[in-house]
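In the two complexes below, chain A is the common chain; its partner is chain B in one and chain C in the other.
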Partner chain A sequence: MSSPILEIQNLHKRFGKFEVLKGINLTMQQGDVISLIGSSGSGKTTLLRCVNFLEDYEVGLVAVAGEQIGYVEKNGKRTRLSEKKIARQRAMTGMAFQHFNLFPHMTAIRNVMLGLIKTRGMSKDEARSVAEKWLERVGMLDRRDHFPGQLSGGQQQRVAIARAIAMNPQLMLFDEVTSALDPELVNEVLEVILDLAKDGMTMLLVTHEMQFAHDVSNKVIFMHDGKIGEEGPPKQLFKKPKSDRLATFLKNSKF
Partner chain B sequence: MDYNFNFAAVWRDFDLLLVGLWLGFVLAVISIAIGCLIGLLVAFGMLSKNKAIRWTSASYVSAIRNTPILVLILFTYFALPQLGIRLGKIESFIATLSIYSGAYLTEVFRAGLVSLPTGLREAGLSIGLTEFRTKLYLTIPVMFRNVLPSLSNNFISLFKDTSLAAAIAVPELTFYARKINVESFRVIETWMVVSMLYVAACYIIAAVLRQVETRLAIPR
Partner chain C sequence: MDILQALDAVWAARWPILEGIQHTLFISILSIIMGTILGVGVGLILTYGNRWIRFLVRLYSDFLRGTPVFVLILACFYILSVVGIQLTAYQAGIFALTLFCSSHVGEIVRGALQAIPAGQTEAAKSIGLTFRKMFVSVLFPQALRQILPTWVNTATEIVKASTLLSIIGVVELLLSVQQVISRTFLSLELYFFAGFVFFLINFAIEKVGRLVERKIAIPT
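Our next item is the complex of A and B:
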């Protein structure tokens, strides 16, 4: 078997005195779709952010495609990688954020093109045609020259997903991408993600949409108090929760 | 009141006033351009993780902002030569106004930077941009557009401060006005015309800057 797309071993992370992640282990193979569920403060988002090193971590290993993220280990000593190397590593993963985080001073297509030109080194024409392809895929090609402020939340999120995925990442990270949306705009975004999953994209999602997690994932992880509380295929996890905690959580999430 | 207005002396040297007005404008443009660079650097310095850099930046801002600009002008022109730093009148004034505006613009930029959503920087990093490129393409351009209105205010205020250059005999508008005043004794006429020239110039500058603001504004 080839090396996994994502490998996390014994990951610990603290914010000051507060330990947010207390020893996480997780492996993802090509094409896996894994959903992280759990109540607020359980560490889901922090875990996701460690994968592209938006958060650094104190103990453990995060490796994407066999390459340790953020640090180099030498004779048992850990050194932080140079800024340039970290930037290159970040481009191996794509991320979609809860609040979209589009660049407000650029049109939709410019948002997608920036990384292609500056990080991937494409020419403007090349970048434009790649960006057009992905905007079409998320149904936003007709809004290519609109600025983020002129788009609805759902439309902004679709552009943001196109911006991340156009970079051709090995792994896509979705951080509660529908939480900031009006209810009637949630589906258009979920459909885009579902479409990408069908295409074989490897994805790690933090979500509060239980039905969606059930439908899209081949594995669901319930996080509790900085640890993995329970994990397994969605059918098993949602239908036959082992712990009371998960059962209560699912009941409160109205699943 | 029984006063006979006579503008003849002012009109005779009106071209001098315009030359002075233009010089003041050029001095303001050059100084605010340099001040912007200083302000941007020091604003990042104020937000640096390094304590020494933060302290140096904050000291610069409070030292300059708490000194009257006229004192700074006189210090640079008269005191610095004693220390071996000799500058011409115009160079000395540009240096002073740049350092002065830099301190004010630091505060403008710093406020602009801290008010940006953190997501902007993170989104840049997430597509593989380095911190420097994230600043160059994302945080600075967005911040700059956001602070444009207060930048305009500062520009107008700095333009008016160029009148203080008369104190070290830089031949700008106020300098020529004093000259005409002394030579013609037409005190009221001279200062009336000069005031109106400043008002008109500021009005035009403000109108142009408003246009720039509208054009650069982030569409919503």
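Our next item is the complex of A and C:
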């Protein structure tokens, strides 16, 4: 059997004295869509950021497609990989951010093309056609020559998703991608994600949209205090929460 | 004030004055170019350098910015020769202005790079860019737009500071005009003329700066 797309074992992460992640275990197979829910400060975003090594981690293992991210173990000693290797590993996953983080000095299509050219080594023409394909997929092809400042939040986020996914990652990470959007722009972004999920994209999402988490995921993880509080299929987790904590959280999230 | 008489005097002394203008331009341009190159290095180290080298460069920058250019020029001319580095007044002057320029450009570059939101770096990392590629494609183009207006300001400061080289005997525009004044005694008219030429030079720099600024502005 091929190795899982994502494997996290006993992951610990601390910021100074504060331990944010206290031993996380998580496995994702090809095509899995997993949502991380939980109150702020529970470690959801940090967990996500450890997967593409935007955060380093002290203890444990994060492996994408069987390859440990960020470190190499040799004779029981852990050393950080070179910058080049880490960069290559990061390109195995794609990430969409809460605040989009498009490059403001580039048009929509150049935003998508940059990684294709610089990381994937495509020619400009090749990169352009791939970028066009993905911009069309997220419904942004007609805005290809607009700069981020000329686009609405929802449009920017769709371009940002195209930028990440055009790299053909094994796993997509979504970090509260609708939290910074006006309510009426949330759906256009969620629809894009739903569309990708139907296509079999493996996705790990941090979200506050409970209904969306319920609809899109095949597994939901409730994080609490740096640990996995409860996990399971969305129906079970949302309808029959086992712990009082999750029940309270769901009630407060108006689900 | 007889304007015709003043123009006459300027015309009569056109060759030495032109030579003065030429020196002023040459000194300024060379100092700005070398100071900018050095300054970008200073800015990079102040932003990304490791602790010790950053500490040293921070001292360099603070010291230069905290010293009057005038003192810097005198130091480069008189003190360097004491320690065995013989520079002509011309070379010492350019050296001093270059140092002065580099410390200011360094701070401008540091400020511009640090003003770029962390999300930009994270997005660049997430698509697999190495630091070098990220700097070239993402960080520097954004920093440049921040740098330009302040850099233009620094460039005009250098042009103005170049007049101070007259004190160590570099015959730039101001000193060449002073030499004409000592023959003609038309101090008011000729100082006014010199001031006007400096204004023209800086006005041109500002205009070009604005033009470039508009050219590279990000549409919103």
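The criterion applied here is as follows: the second predicted complex is superposed on the first by the 255 of 255 C-alpha atoms of A that agree within 3 Å, B and C clash if a C-alpha of one lies under 4 Å from a C-alpha of the other, contacts with A are read in each partner's own complex, and residues count from 1 in each chain.
The rule is simple: a contact is a pair of C-beta atoms (placed from the backbone, for glycine too) under 8 Å apart; a residue touches a chain by one contact, two chains touch by 3 or more.
Please read all numbers here as calculations on a predicted model, not as lab measurements.
In the superposition on chain A, A:P104 makes contact with both chain B and chain C.
Of the two partner chains placed around the shared chain by superposition, neither chain B nor chain C is touched by A:Y71. With the contact threshold set out at the top, residues 52, 54, 83-84, 87-88, 90-91, 93-95, 97, 99, 101-105, 114-115, 118-119, 147, 149-150, 160, 163-164, 167 of chain A are in contact with chain B in one structure and with chain C in the other. Taken in their complex, chain C has these residues touching chain A: 117, 119-120, 122-131, 133, 137-138, 141-142, 145, 218-220. By the touch criterion stated above, chain A contacts chain B in their complex at residues 52, 54, 83-84, 87-88, 90-91, 93-95, 97, 99-105, 114-115, 118-120, 147, 149-150, 160, 163-164, 167. Taken in their complex, chain A has these residues touching chain C: 52, 54, 83-84, 87-88, 90-91, 93-95, 97, 99, 101-105, 114-115, 118-119, 147, 149-150, 160, 163-164, 167. Residue ranges of chain B in contact with chain A, taken from their complex: 117, 119-120, 122-131, 133, 137-138, 141-142, 145, 218-220.
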